[in-house]
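Next up, some structures in structure tokens.
One chain, chain A, links the two complexes that follow: it is found with chain B in the first and with chain C in the second.
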Partner chain A sequence: MAGALEAQSLAKRYRKKWALQDCSFVLPKGRIAALVGPNGAGKTTLLHIAVGLLEPTAGSVHVLGGKPAENEEMLSRVGFVAQDTPLYDNFTGADLISFGYHTNRTWDGEFAQERLAALQIPLDQRASTLSGGQRAQLALALALAKRPELLLLDEPLASLDPLARREFLGTLMESAAEYEITVLLSSHLITDLERVCDYLMILSNGRLQLGGSIEDLVEQHRVLIGPRRTGVKHHAISGVAQVLDESVAGRQETLVVRVDGPIIDPKWEEYEVTLEDIVLAYLGQKDAPAETKKNVRAVAARKAQ
Partner chain B sequence: MIDFRLDPRSGVAPYLQLAQQVRHALRLGYLQPGDQLPRVKDVVSSLAINPNTVLKAYRELERDGLVEGRPGVGTFVMRGLDGPPPGAQATLQRALERWLRSAFDAGLDADAVRSLFETTFQDRTTEEIA
Partner chain C sequence: MIWVAWRQHRQQAMAGAGLLALLGAFVLVTGLQMSHSFHSTGLADCIKISQNPSCFDLSDAFMRRFGSEQVFAILFVVLPVLAGMFWGAPLVARELERGTQRLAWTQSISRRRWLSWKVGFVGAVTALAGAVFALLVSWWMSPLLKVTSYRDNSGAAGFRPGLFDLHGVVPIGYALFALALGLALGHVIGKVLPAMGATLAGFIGVRVIVELFARPHYIAPKIANLRFLGPDAHGWTIKAYSIDASGRRFAANGISPSDITYFRAHCPGFPMGPGVVGPKADVAAKLADACYTRVGLHTIEAYQPASRYWTFQWIEFAIFVGLAIALVGFVVWRINRTAS
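Up next is the complex of A and B:
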């Protein structure tokens, strides 16, 4: 199956700083994917390259089999909602819908109108006077009215209260179900996305730490609890391919691991991982910035001494 | 028609929660043969969940012969599920209350009772599957 979004050794440098490095992945069609990472990880850079707002410094990216924004047709097939859902403040909902009609090749204005009516968002009110949740819904309705095959959203939930988040995700999921849209949404919070996403990409320090279907990822990882390992500390545990995170409490040790076979050693109790376990473990990896979990813990341990 | 709800703390996979709720509604007669299950787009819109979660739940129910998907129309109940015969539940509950009293008399506390039930229940169910 062809990917909706594919990157090959993608890199982007701003002056001396690499915002994105050696980034390769294939996001399959029909997925609802979470792009997760701390602030400054390169999420926005990646999304901007995918929609053609930025040129990569190295590597290549393909969107629905073509180059980002290579022609009008490609522009009409990809939807993008930027961070903080920018809208023309003086335009009303009705203005924006008619603006979209004149500036897009494909446009389902009726869909946007029905959507906003269902959410009781007035069409005759200026965008600047709408609440944060209403603005986000308006931006989403406009992006969906394009009838995109791929929809990219940059931190769409960041400024929304819990109720508005749920309504926003409800609208998004309903459209994804009805029109089979591939969705990629970025966030620095995973808990909001646990129920909606079936694909996960973890970005930290400009590098892709992990990418894959959530079902597979949960299958490939475990939390192990057992006696603290002493002496031959890194003695391999059969069935464990990689230890991603370890924390010691007294005589007990808790590990987050990637497995490549059954854990036979009865010393270790095996637990299923949550999506949050996986994200925190990978954000704590070597390339992660200083404020990550493991370092915080190390600092806390030093302070305690 | 029924309304679904998800408990994020139950530890049960969301698709299994949905399938269980349909089975429960079939046992209690809230859903009967010929009834339509909520449409996928309505469920995902009200619960804000991934469409595949609902599809997976409906596929599992279909595999068990409980429902049938009709392309472009919806998913419909094919057969009901028998609940416990009338009175059986009350009898079982009384027996359980007697057992609980004897457990407390023997000095077990609530946690000990729970873990005893859990392990026995798990042993029993694995035996019955095996």
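Up next is the complex of A and C:
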């Protein structure tokens, strides 16, 4: 099955620093995918390459079977909401809809107007005077009015309060389902996206740590809790392919593992993982960021329940 | 897309139009006064006869009244670079500075088409404003230039550096060049204010270099052999010196004390100083002239004849428009190299 977005050994270097390295993945069509990673992980770089704002240093990327932004037809099939939702500050909502009409091949201005009316965002107010949530909604409405097949959003929730987040994701999900849009949205927090995504990509230090459908990922991972055992290699546990994270609380030990078979050893209690467990475990794999510490607490808290 | 360009840049366009309207009104009012006085006093008809010395008093009165308005000419020298700083520099730099290129370049319009609409719109406005203003200033200056040409007997005051730059077609070329320079520097620098500063510096640099080093040589100057301290050749004098039969060189425009010693050695009775006045002045002048003839003193002048004025205007216009096209071409090439 052809992917909506495919990358082969994608890499991007800024002067001496690699922002993205050896990144290969296939994002299947029809997915709502979360691109998760800490700040500076390379999420924006990856998205900018996908929409043609940046050129990769090495490797290749295909969007809907073509090169990013290779022509105006390709541009018209991909929607993009950039970080901090850039809009022309002195344009009103109506101006921005008009802007979209003049700069796009397919344009559903009515959709954008209806959307904004439903959200009670005034059309005659300048973008600079709108709240963060309204700006984000306006940017989303503009991106959707393009009728894209693939929609990429860079940290769209970062500046929104919880209510605005819910509204934003509501609009996004509704439209994605109605128009069968493949969506890839980045965030540094998975908790925001848990409810809406069915695909997960974890990016850290410029490398893709994990990518797959959430159903499969939850299937493949477990939290194990058992007695603390010193000097014993964990991979000795039958059914465990890889220990991703381990933490000790008192005489107990908590592991986040990838499994390749049933856990038979009765010493280990088996629990389902949450997406947060998986994300934090994979982010901790290399040059553990501070968030891993939270993982220890999260797992310890679960045991206490 | 023309709508987008207009919507995006209408504030700058309006501000520019406002400034030009203000200046235009000033130019119109003073120009009408000047033109009226030039014709009603009879000065216009008087100086049609070349070298007519009787117009001198009239021209004096005219220059006393209007000569000070030449100061405003400085304003018109500055105008083109304002187009570069306030229209050209922000054109792409503001998008890069605010990150809105991420919005513009991800709609379904190629970057080159996007750029050509913006540059086309602002470029057309600049060319139009430049043309209107160049015409207006040319009309405004023409009595001043005619009187000045009469008074310095060059026949071509408009050819002089500083005046050449203000009228004819060159101001349009300067404005288009400034615009393209602002655009290119804005794209490279990516910040509006530094780009404006760089545009100002770059524009001044290029203008000075062209004016001092290129313009005198667009066409090889003519050489004239003239009477010492007599009238200049008609046109723009580039270089002049005086020489006598023995090969001694003199300044073309005056006599130094050592020259006087030299003349007195050859012609006894040569006046002691240049400041001989009163009834003896005529006698002194005749004596001096006789001496110049005797030592074979004459002036060699390299000059651009007044008849080349429009040729030079078009050459300089072509140079600046050519530079503008090259700069826009550079941006068109660079904008597709994806770096944001």
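Assorted remarks:
Convention: the second predicted complex is superposed on the first by the 283 of 305 C-alpha atoms of A that agree within 3 Å, B and C clash if a C-alpha of one lies under 4 Å from a C-alpha of the other, contacts with A are read in each partner's own complex, and residues count from 1 in each chain.
Note that in this section contacts are C-beta pairs under 8 Å (C-beta built on N, C-alpha and C of every residue); 3 or more make two chains touch, one makes a residue touch a chain.
These numbers come from a predicted model, not from an experiment.
On the superposed chain A, the two partners chain B and chain C both fit, without a clash.
Considering which of chain B and chain C touches more of chain A, the answer is C. After overlaying the two complexes on the shared chain, residue contacts for A:Asp124 are found with neither chain B nor chain C.
Of the two partner chains, chain B is the only one that A:Ala176 touches; chain C does not reach it. Closest C-alpha contact of chain B with chain C, superposed model: 25 Å. Of all residues in chain A, those touching chain C in their complex are 48, 51-55, 69, 71-73, 75-76, 78-80, 82, 84, 86-91, 95, 98-100, 102-106, 139, 146. By the touch rule above, chain B contacts chain A in their complex via residues 6, 8, 14, 40-42, 44-54.
Of all residues in chain A, those touching chain B in their complex are 32, 165-167, 169-171, 173-174, 176-178, 194-198. The touching residues of chain C, counted against chain A in their complex, run 1, 3-4, 7-8, 11, 98-110, 113-114, 337-340.
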